Amino acid sequence: MTLRIGIIGTGAIGTDHARRINRVLSGAEVTAVTDVNRDNAEACVAGVAPGAQILGSAEEVIAASDAVLVCSWGAAHEAQVLAAIAAGKPCFCEKPLATEAYGARRIVEAEEAMGRRLVQVGFMRRYDRGYVALKETVRTRLGPPLMIHAAHRNPTVPGRYRTPMAIHDTLIHEIDVLRWLLDDEYVSAQVIFPRATRHTHAGLRDPQIVLLETAKGVRIDVEIFVNCRYGYDIQCEVVGEEGTARLPEPTAIPTRLGAVFGQPILMDWKDRFIDSYDVELQDFLKAAAQGTAAGPSAWDGYVAAITADVCAQAQERPGAILPVTLPARPALYA
Amino acid sequence: MTLRIGIIGTGAIGTDHARRINRVLSGAEVTAVTDVNRDNAEACVAGVAPGAQILGSAEEVIAASDAVLVCSWGAAHEAQVLAAIAAGKPCFCEKPLATEAYGARRIVEAEEAMGRRLVQVGFMRRYDRGYVALKETVRTRLGPPLMIHAAHRNPTVPGRYRTPMAIHDTLIHEIDVLRWLLDDEYVSAQVIFPRATRHTHAGLRDPQIVLLETAKGVRIDVEIFVNCRYGYDIQCEVVGEEGTARLPEPTAIPTRLGAVFGQPILMDWKDRFIDSYDVELQDFLKAAAQGTAAGPSAWDGYVAAITADVCAQAQERPGAILPVTLPARPALYA
Amino acid sequence: MTLRIGIIGTGAIGTDHARRINRVLSGAEVTAVTDVNRDNAEACVAGVAPGAQILGSAEEVIAASDAVLVCSWGAAHEAQVLAAIAAGKPCFCEKPLATEAYGARRIVEAEEAMGRRLVQVGFMRRYDRGYVALKETVRTRLGPPLMIHAAHRNPTVPGRYRTPMAIHDTLIHEIDVLRWLLDDEYVSAQVIFPRATRHTHAGLRDPQIVLLETAKGVRIDVEIFVNCRYGYDIQCEVVGEEGTARLPEPTAIPTRLGAVFGQPILMDWKDRFIDSYDVELQDFLKAAAQGTAAGPSAWDGYVAAITADVCAQAQERPGAILPVTLPARPALYA
Amino acid sequence: MTLRIGIIGTGAIGTDHARRINRVLSGAEVTAVTDVNRDNAEACVAGVAPGAQILGSAEEVIAASDAVLVCSWGAAHEAQVLAAIAAGKPCFCEKPLATEAYGARRIVEAEEAMGRRLVQVGFMRRYDRGYVALKETVRTRLGPPLMIHAAHRNPTVPGRYRTPMAIHDTLIHEIDVLRWLLDDEYVSAQVIFPRATRHTHAGLRDPQIVLLETAKGVRIDVEIFVNCRYGYDIQCEVVGEEGTARLPEPTAIPTRLGAVFGQPILMDWKDRFIDSYDVELQDFLKAAAQGTAAGPSAWDGYVAAITADVCAQAQERPGAILPVTLPARPALYA
């Protein structure tokens, strides 16, 4: 009854998922891996997946497994996910689902053609305890939401991080989680550039503010500040007709030391949603055992991609309000 | 050496200032009052200003006093302040300095012609301990400010409160205090209307978001939500190059009761900055004893009026970014 | 390689552990269960342990399993743990290890005779993220600890809960976790009875304050208040030479609603340390796979029992300071 | 109608009160001062009391004033207060009212003999906004109080500060404010000495814990830690039948900087209750204008002295529970 899991791409995240499946979660075992760099695959097997065979291609891994994890580099995702769908195998795909919106569209169409969900996209924030509790609070106590004030701050980014990555790599998480939180869709986007921090570099306008509007009229402002210095900090305040609710701070020890009453802020993004990786993968394993997928869908990945593309265009025309136009939602994702 | 203070307009705020001067603050006494409604004046004298004579006009009060407080209704401010300037008497004027920006301009010109400051405008937030500490923290620890996220929430407003009043009566405080906080000037304004709360009424779009841009490139978003239900709540977060700082919550008793760990939120705006009224008036008395004025100037009142006018125009054209154009700052206000 | 787990006692906690092992954790499966009430055992198997056989006795379960969980009622623990030790099987025992200190002593002696650790006691707080982080903060940032101020509050208890249960059922957790936190041993105990709450009942003095002293001189005050009404609330503040650190509040959504800025407090103790059950059992499974046990030991259970006995005697003599005398720590538990 | 105030003792606190009366508060003026060191008196007059005459003795100051402030060194208080009472002049006396309890008793008797209150003792915490709000919350929302957990922490003390000063100079504030908060009297005291901090010095056991019991059965634990390093920090949590309430933290700016989410802690005790000095003196002036005194009374000073003496004896017998025995409360202080 143990589910055989194949992992395509055994870099940091793929290996970490292998560890998670073999040592933390219940009901599955990593039985096949592949990586363009065979050293990576060997290290993964030696470290956390002793029972897995190393195969030469994604296709072989798909064939040898009950379900697969696509953890390769972004440009390879689309073809690998399509191959998994074609094989009828549940497939967990780390973001992005595809590097272009039309790639995501092809995945949606393939899945629709199969007639059942097979793809879960790695938007782990939906599994974060804080967001889950926030959504429940919004639903039960706040009245209709009217506004969201959010911030996505990172202490620093490397020199190769350019302005559009603030959308595609960073805002992408808010794009997904906020429409899930609100159960709503975006209809327009605007980007504003404040004075730049001296801690940024050529090629990156930092910080940015993205203003989103939803179909129900909710207005969202998201500050993206990836050289904020002080920490990795995700803020989200929902304002409803009856009151407000915030995402909780990560658990930390309050101290009184050296004239400061404070608590540590995380510096590494990897620690911020670390618990939610366990939950999202367990959710994947549970659905995969039934031959299907749950959680963030290919459609969600596609919508995120479309929205991100509009935001990236809005970066080019600061201040302009650009429409976000979505195709009709297929019945499979109703 | 006790300063003789005249009060023009003895409604709620004028009477409260009389009490403050006679019973709380040092160095001054209310010696003359006037009100269009003589009953008001008599009640003020009977209640908190036993040593004051009731006079028939603002001019008589100005003539009989060392300094005056203009607490009449807004439409009368301009003429009364001009009269005080003409008499060379220090004059504390509750907001608005004038109902139109060009009225404020006339006051600025009159004061300039006199060659010394005589007017203090009642922007009391500059005297609030929280804002003062926030300004100091921003100056010393945050690096150059890049963004401000602010909110001005009121539990409810009466039916006569219309959309533009969200600017002229409500945002006006942020307009003044944020440029003081930043030591900067506004260059553009944009207004966004989220989905309206069902708790608003005809004639009032509520909530609103005002986006301001400063000369130094700081971007400010201010949520104005005057039927927010849950409390009177003023929020201000400054994001600088090195970190963030927030306006503190008002002092309140944290309790653990009935499954809630919480503290009360004020419901009445009059309680929120109550301490700062004492401090602003003491500052006025101190300068008035020297025959001049300090604190928020006629120029500040004029700039606030110009900015408010642009914001009100921006309400008419949601989404449009309108320029804020200020005249050159006169040397008197350098 | 999957570890065969037997569960002795399939009441609420036993069944929950069965669910945990079969559905949440990795590396083990429940293969045998027993309960004095066969209906319980059948319900457990039907609900969460479909692959388990129902056996007639603890001994049979021990014989049929690689490791066992003792989740029966307290009076049966000692004999069942001794049987597991005799069989050389790793054994996780819910608290209490034994109903009397000398019962715990017999277990310690049996384990010593075996020459290796086989018993883990269910003191789950040691696995709570908050306590783990607090211990690390104390160790690295606070300097030598000098005092602990703690509170253990429960909204209400049933009528059968009597004064000594405040020690044996409630304080027992602080007794274990605080000596682990401090890496220290108790040397004296004193009990103080404040004015009783009207919400208590005959047979229960509530609240109580227990004062503990450690070998290193740390002074601990623990408020035990089991009819506190407002919530299940565990507080712990450590004061060291350089500053203080507190146990964090459980994650909760901060809201602004109805004139209150607050967050919910848990009402049910079962929710408070819910995550730590997963971690403690995973730790048990990991050691059991090696044929041994880790975590809170039989010695820890014995020391807790001795300390609890002294505290219960101190309840009989309010204000008196009674010595806590421990036998020498056997080498096995060094 | 301006009250003539005399100040006996123009050291730091006397001069600060002179400034307060002349520049901040309403209705009074410092007209006479004296000091054993004439330079002090001259500096005070030159700095903040230009209209005051320097006199040669406390008696002359009393004779020349409508009311007096006794700010001399502690050993002189008793005689000066008695002289003010004999002259029928309202008298504000900084703590201690007298260096020995029987000195305070003589003052109580003298005041009783006069038949009206003339003395206010400088227990300023009763005027602190936080304590006032805490008392109101306790009275209206908490049900009967059962316990108080308190702490009085100071970053460091000089070498001349000895063990008993932790009672007479430090705990004395809790002794007064907690019985006021509870409207209750102490009946016993116990002192416990935790492990000493290495930051203390010969002659000072630090920290200490004082356990107080009241007539209504409330149990109070007060940590006194005067070399706590990290700040001046006053904590007070009241636990009642329905829930808990805490003294608020002093207003401070929350920042996110350098991986810490924190706010500054005061380092100087003089800043902690700085606002309450204004309020207590205004209260004194108001009553003095009527020829009497309000606020903390000579009786309160006497009770604090008796209680402090018992606590100091309890320091000599660590662990022993000593009774606090108060004389009957005279009708004047009912």
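Order as written gives the chain letters A, B, C and D; numbering starts at 1 within each chain.
Operating definition for what follows: a contact is a pair of C-beta atoms (placed from the backbone, for glycine too) under 8 Å apart; a residue touches a chain by one contact, two chains touch by 3 or more.
None of these values were measured; they are calculated from a predicted model.
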Among the remaining chains, which ones contact both chain A and chain B? C, D
Stepping chain to touching chain, what's the minimum from chain B to chain D? 1
Of B-C and C-D, the pair with more C-beta contacts is C-D
Quick one: which chain's Cα centre is the longest way from chain A's? D
Quick check: how many Å separate the C-alpha centres of chain A and chain C? 38
For chain A versus chain D, what separation do you get between their C-alpha means, in angstrom? 58
Distance from the mean Cα position of chain C to that of chain B, given in whole angstrom: 58
What's the distance between the Cα centroids of chain C and chain D, rounded to whole Å? 45
Which residues of chain D are in contact with two or more other chains? 229-230, 242-244, 252, 256-258, 263
Per the contact definition, I'd like the list of chain C residues that touch chain D in the complex. 143-144, 146-147, 149, 151, 190, 192-199, 207, 209, 211, 216-219, 221, 223, 225, 228-230, 239, 241-244, 319, 321
Looking at the complex, which residues from chain A come into contact with chain D? 229-231, 233, 249, 252, 256-267
Note which residues of chain C are touching chain A in the complex, please. 22-27, 129-130, 133-134, 137, 141-142, 242-248, 251-258, 263, 282
